[in-house]
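Presented below are the structures under discussion, each in the form of structure tokens.
Two complexes follow with chain A in common, the first pairing it with chain B and the second with chain C.
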Partner chain A sequence: MKKIANLFIFIILAVLALLICFPVLFAVTGGFSAQWELEKNLAAILGNADGLADWSILPKAPTLEPLIHLLMDSPQYFVMFWNSLKISLLILVGQLVFGMPAAWSLARFVFPGKRIISAIYLVLMLMPFQVLMLPEYLVLNDMGILDTHAAVIAPAVFSTFPVFIMQRFFRSVPEAILEAARIDGAGNFQIFLRIGIPLGAPGIVCSAILGFLESWNMIEQPMTFIKTKSLWPLSLFLPEISLSDAGLGFAAALMMLIPALLLFLSGQEYLEQGIAAAAVKE
Partner chain B sequence: MWGICFLLPDLLGVICFALLPFAQVVIRSFQGAVNHKWVGFDNYKAVFQNAAFRMAAGNTLRFTAICIPLLVALSLVLAVTLQHLRLGKDLLKSAFLIPVAVPAASVVLVWKVLFHSNGLINGLVLKLGGEKIPWMTSGAAFFVLVISYLWKNLGYDMILWMAGLAGIPTEIYEAAKVDGAGEWKCFTKITLPNLKTSLYTISVLSFLNSFKVFREAWLVAGDYPHQSMYLLQHLYNNWFRDLSFDRIAAAAVLNALVVLALIFLLKRAWDAEE
Partner chain C sequence: MRKKRLAKATAIFFALMLCFTILSRAAYQEGTAVVKVGRPENRMIAHRITAEGKTQQNQELAVVTEPDQRVTGIYVKEGQRVAKGDLLFQIDTDLLDEKILYQKQEMEKHKLQTGDVQSRADASGARKANDIAQAQENYSLNVNRANTQLSRAKRDLDSAKTELENFRKTKGTSSGDSTVSQQLEKQCEEMNEAYIQAQQDLVTLQWKIEQAVNQALQQATSGATLMEENSVHTRSEDMEDGLVLEDSEFQESADEETEGWEDLILDLDQSGASDNDPSSYIIDGSNTNQDSSIISSPNTSQDSYQSGSQYTEKTVTQAQLDEIEKKVRAQYQSQLDAARKKVETAKSEKETADAALAQYQQEQASAATSQNAQTEQQLLANVRTAQDAYVDAAINANEAAVTGGRAIQTAGLPDGSDSTLQVNEITYEQMELALKKLEKLKAKKGKIYAPVDGMVTKINITTGEKTLDTTAMLLADLSKGYRFTADITKDQQKYIGTGDLVTLTAGNKTKLEDLPVSSVTVDDQDNSIYHLTVQLPEDCPEIGTALTMEYTKKSQAYPVCVPLSALHVDDNNQAYVLVPDEYETIMGTEVRARKVGVLVLEKNESYAALEEGTLSAQQDIIVQADKTVQEGSRVRISEK
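Now for the complex of A and B:
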């Protein structure tokens, strides 16, 4: 009886899981479909035929043609891909360079004003972009870096989210190890580099994965701060492709999806830990 | 002393890119847009009297009132059932979590094909004997948002619940089983009461994530979507284009106050637990 109930639950969950994965599978098949097949399937949407759009789970004639076309003959696309990569990687490096020591400080030191600073970091982490949009715009304008990549990178580097995540993990480094290092004459900076960073590595990886996915997916910030199209990341370029250019659109979407999916598959465990770090109270 | 040295570089950045400019925005919310003359609460009044603001705030409120209970309940059921499952647990967990990693822009074409009035979902609706639903051009647009939000956040919230569930000591369950308590009784008498703090945390985090659904809305429907999916972020963007900084300033301050109040409630809930 219990076995049957279990199987039944499994089937329901599996169907739900398939439904949830469907848009992703859809995007992947689209990326391997030829323009003519997409046009045929989507004829009803493009206004070329009556009836309804169609879709096959596997393309009838799978092809790499749109992908090759995209990679070989669309320099414009390459610029956007490179913009996305550059922005995301620079944000990542900045978040680690500034965030790691800050997280170490909040996790392991006692100093006046620490409680209030921690509280401010938490509040800023939870503020949505719509609150910070105008403040960021004003300061970027004063600095004269609007409409450059720096306008998107600089505020994201000082996002307090990575600090919060890493701090959680730095806190679990046993005090005894630090004490032993101190007795051996290690300085504060050495302890941070030689003990804090290696032992807090899982937290750093969590923060890096969540941070990269966030900036790879960034839409509101470049939309508000970057006007020049050649500076746009992929996330702004993709919606510009209409369905009549579906072959190119699906191929470009696939190229945006692949890095995110690879990161997900290789770092899922860290992603989960990073998400959970926000839920368990200190 | 060393603590401050480690913190300072990041703190300076935070002050420069967030705290100081936000203080400036608070001041500007009491000033005119062009001449920076002191106008008291006029901007706030203008915001509240603005029809577009009321519509956007109403939509945002309606959206959260429907989505958050739905998401929180669904993800709890999912987390609990998944935890009891022996078969294919990890595979299913990954499947539910994938949307967290999927960039919104990479599925925008999929969304367009799904929700077009001649699209795939309407194909299914027709097959089931229903009538075509004009998803993007009627009040149904609101449900496109709801579906997008649930799709994106279900796995995320499931992980949060699982973290909460993992925090309940197994001894309690064992003791209850010895006393003859069944599965359902264990769930209502042990699991649910122990998840109270998680419930607060997850609700607040879900609320904050609900602001991000603007992405999906903007991607499928652009700057001026059907009015049932017109959100605060759309309004701010449009005000931004008109350079109505006075209004955005006042609206941003109001928005910050709402978020602050929620964080305060969350903190109270955490402290009460101790």
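Now for the complex of A and C:
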């Protein structure tokens, strides 16, 4: 009886999982569909045709043409790809450089106003970009880095979310180990470097993966702070696509998925730990 | 292990992305046109016109000779200069003699034929005069005979009346009522006269109707003019004036009524005659000849229809002819009915008068004794018989006059025109002229000489062959000078005209400078070609020498001139230039071509002058590209 119930639950979950995977399936199918087929299927939502959009699970006329067109005839895509990679990596490095010490200090040290600072961090993390957009714009403008990659990188480097994630991991480091290090004569920096980082590695990796995915996918920030098209990241490539380039758009989406997928697969276990850690109530 | 594979896959992915980045950029640059740019210049537009042509003579003379003569020798060649009086070619004198003899014989034959024609014409005239005389004689005899019979009948009537009168006087019965009897008899006579007159009018009217019908049908079918018909009509009237009473009055009314059917005939001429309806037929004698026994008009005879060539061309349907006849008859119907009624009335009145007289006499007779009555009845019967005989004789006399008149009219009608004699005379004159030419050629012993100083430009005869009707030789008249002719296009013609000074260059570099253009005329067949003529000086090259004409016309200075390679024309025939514009794109700052519409004021093979206002002097213009460049095309400006 229990087996039957488990099977039933499995089927339900499998169906839900399949539904969740549909966007990815669309990207894969669309990336290998002919332009005429996509125009026919999507004319109702992207063109002027009446009725409902249609979709084929398998393309009627499979072709590599959109992919070849993207890879061979669209240098704009690669400009944006490398821009995205540059922005994401720099943000990642910045978050590690500035986020790790901040998270360590909030996790391991006791100092006046610590609670208030933690509360501010939490509040800032919860604020959406629309709230921060104008202040950030004013600050970046005063700094003279608007319409540069730095305008996107700098705010992201000082994001509070990685600090929040890493703080949870650093706090879980046993105090006894730190005491032993102190007895052995290790200073605070050595303790952070030799004990904190290795023991908090899952949190750091988790934070890095989540930070990379966030910066890889961000749209509002570059759209707001960067006017020069040649500096745009890949996330702004798709809005430039029209119905006449639908195949190109699906191929681009497919290619855009690959780096994130590789990164996710690389740090999958740390990511799961990080998400679990963020969800555990103290 | 899994992490290693993932790391390897990541490395491969980024390596591939790097490769495709390079490849796509290379392809992108390959699709970018490399262009050269320039700026508008202030300059003049020079139009250089060149044309190839030849020297030609100003005047050419045709040397002709009699056709069908054998050429025994040609003493010049094409391109050879000849002096006036030089022998050009000779023809065979033996054959020429034969031709002259033959021509004379032909003329003689023609002369004899003309004599025969003249003789036939004279005989025909005599025959016609004889016919007229015979008709007149018959007319005279018949009329006299009828009048004699009429006189006899009158005499018999008078005799019968006298006899009756005498009997009555002897018997003594007529003394008291002689006045009544006389009045009744007088009334009978008047009625008789009226009856005879009515009968005559009816016969005349019927003849007129038939004549009018025939005339209308003739006009419809032959297109003969009404004027001619009316003249014939008038002639017939003249002949009958002495025989038929009230004829002129009748003719006036008939003429008025013919207007109606003349309109109908005109309509037929315009529409029906050209109608190719299958039901239509070609008029022949059988149609109109049915009335020939009644109407003797020359234009309605069968012969005239068959001989006239135009009758075979104009066709009228039978239905249309019937309609015309019906209409004409309808117009006369009221007159005919009136005439018939008049005859009937006259006849009735005559019979009434006769009956009244007979009744009176019957009453008189009944009062007398039976023997006397019998005698008187006999005498009265004699009077009535004589009276009827008199009426018949009067009608016969009238008919004889009408019939005889028609016969005279028919005999006097003219024959169709015959121009055979005149034609023969003209032909004879032409033969005489040809003979004179042949004799003139014989006088020169068959030799043809150059009429002027010149050059032989064309020879159309061959030794041993016969001459043709065309020109035997063409001579360039050197005394009239030379000219240069060349063909130029319509575009070139816009920049050169009469009086412009041109330079002519021969193949051996001989130059003739500052020669004015004497004419520029459009070709008769092709209006895109113009013929240019330049009169040449005396020391010019020979006829037929090829020359190159050059002429340069400079315009005013234009502030905006661009190379012709920078000027383009779109599908709407609108001229435009392409200018480079910088755009911010994902690939960075790119240069793209932008279309600027311009108005071309003037252009030559190299430059075009544009209207000011659309392009500034500092505006870069794409003047050359290694690929086709359109609006929006990516370009890279070459610095070279």
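By our rule, the second predicted complex is superposed on the first by the 243 of 282 C-alpha atoms of A that agree within 3 Å, B and C clash if a C-alpha of one lies under 4 Å from a C-alpha of the other, contacts with A are read in each partner's own complex, and residues count from 1 in each chain.
In the analysis below, a contact is a pair of C-beta atoms (placed from the backbone, for glycine too) under 8 Å apart; a residue touches a chain by one contact, two chains touch by 3 or more.
On a predicted model such as this, the values are computed, not experimentally measured, just so you know.
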item	value
When chain B and chain C are modelled together on chain A, clash or fit	fit
Touching partner for A:S266 - first (chain B), second (chain C), both, neither	second
Of chain B and chain C, the chain that contacts the larger number of chain A residues	B
Touched partner set for A:M256, first chain B, second chain C, both or neither	first
First (chain B), second (chain C), both or neither touched by A:F78	second
Chain B versus chain C as contact partner of A:L234, first or second or both or neither	first
Vertex chain A, arms to chain B and chain C (CA centres, degrees, nearest 10)	90
Contacts of A:A176 with chain B and chain C, given as first, second, both or neither	neither
First (chain B), second (chain C), both or neither touched by A:N188	first
Which of chain B and chain C A:F10 touches, first, second, both or neither	first
Which of chain B and chain C A:L58 touches, first, second, both or neither	neither
First, second, both or neither for A:Y121, with chain B first and chain C second	first
Shortest CA-CA distance between chain B and chain C [superposed frame, angstrom]	17
Shared contact residues on chain A - chain B and chain C	263
Footprint of chain B on chain A - complex, ascending	6-7, 9-10, 13-14, 16-18, 20-21, 23-24, 26-27, 30, 42, 44-45, 51-55, 98-99, 101-102, 104-106, 108-111, 114, 117, 120-124, 126-139, 154-155, 157-158, 160, 163, 188, 192, 213, 216-217, 219-220, 223-224, 234-236, 238-239, 241, 243, 246, 249-250, 253-254, 256-257, 260-261, 263-264, 268, 271-272, 275-276, 278-281
Contacting residues of chain A [partner chain C, same complex]	71-82, 228-230, 232, 240, 258-259, 262-263, 265-266
Residue ranges of chain C in contact with chain A within the complex	3, 6-7, 9-10, 13, 17, 20-21, 23-25, 27-28, 584-588
Partner chain A, residues of chain B touching it in the complex	1-7, 9-11, 13-14, 16-22, 24-25, 78, 81-82, 84-88, 92, 94-114, 116, 118-120, 122-123, 126, 151, 154-156, 159-160, 162-164, 167, 197-198, 201-202, 204-205, 208, 211-212, 214-215, 218-219, 222, 232-233, 236-237, 240, 245, 248-249, 252, 255-256, 259-260, 263, 270, 273
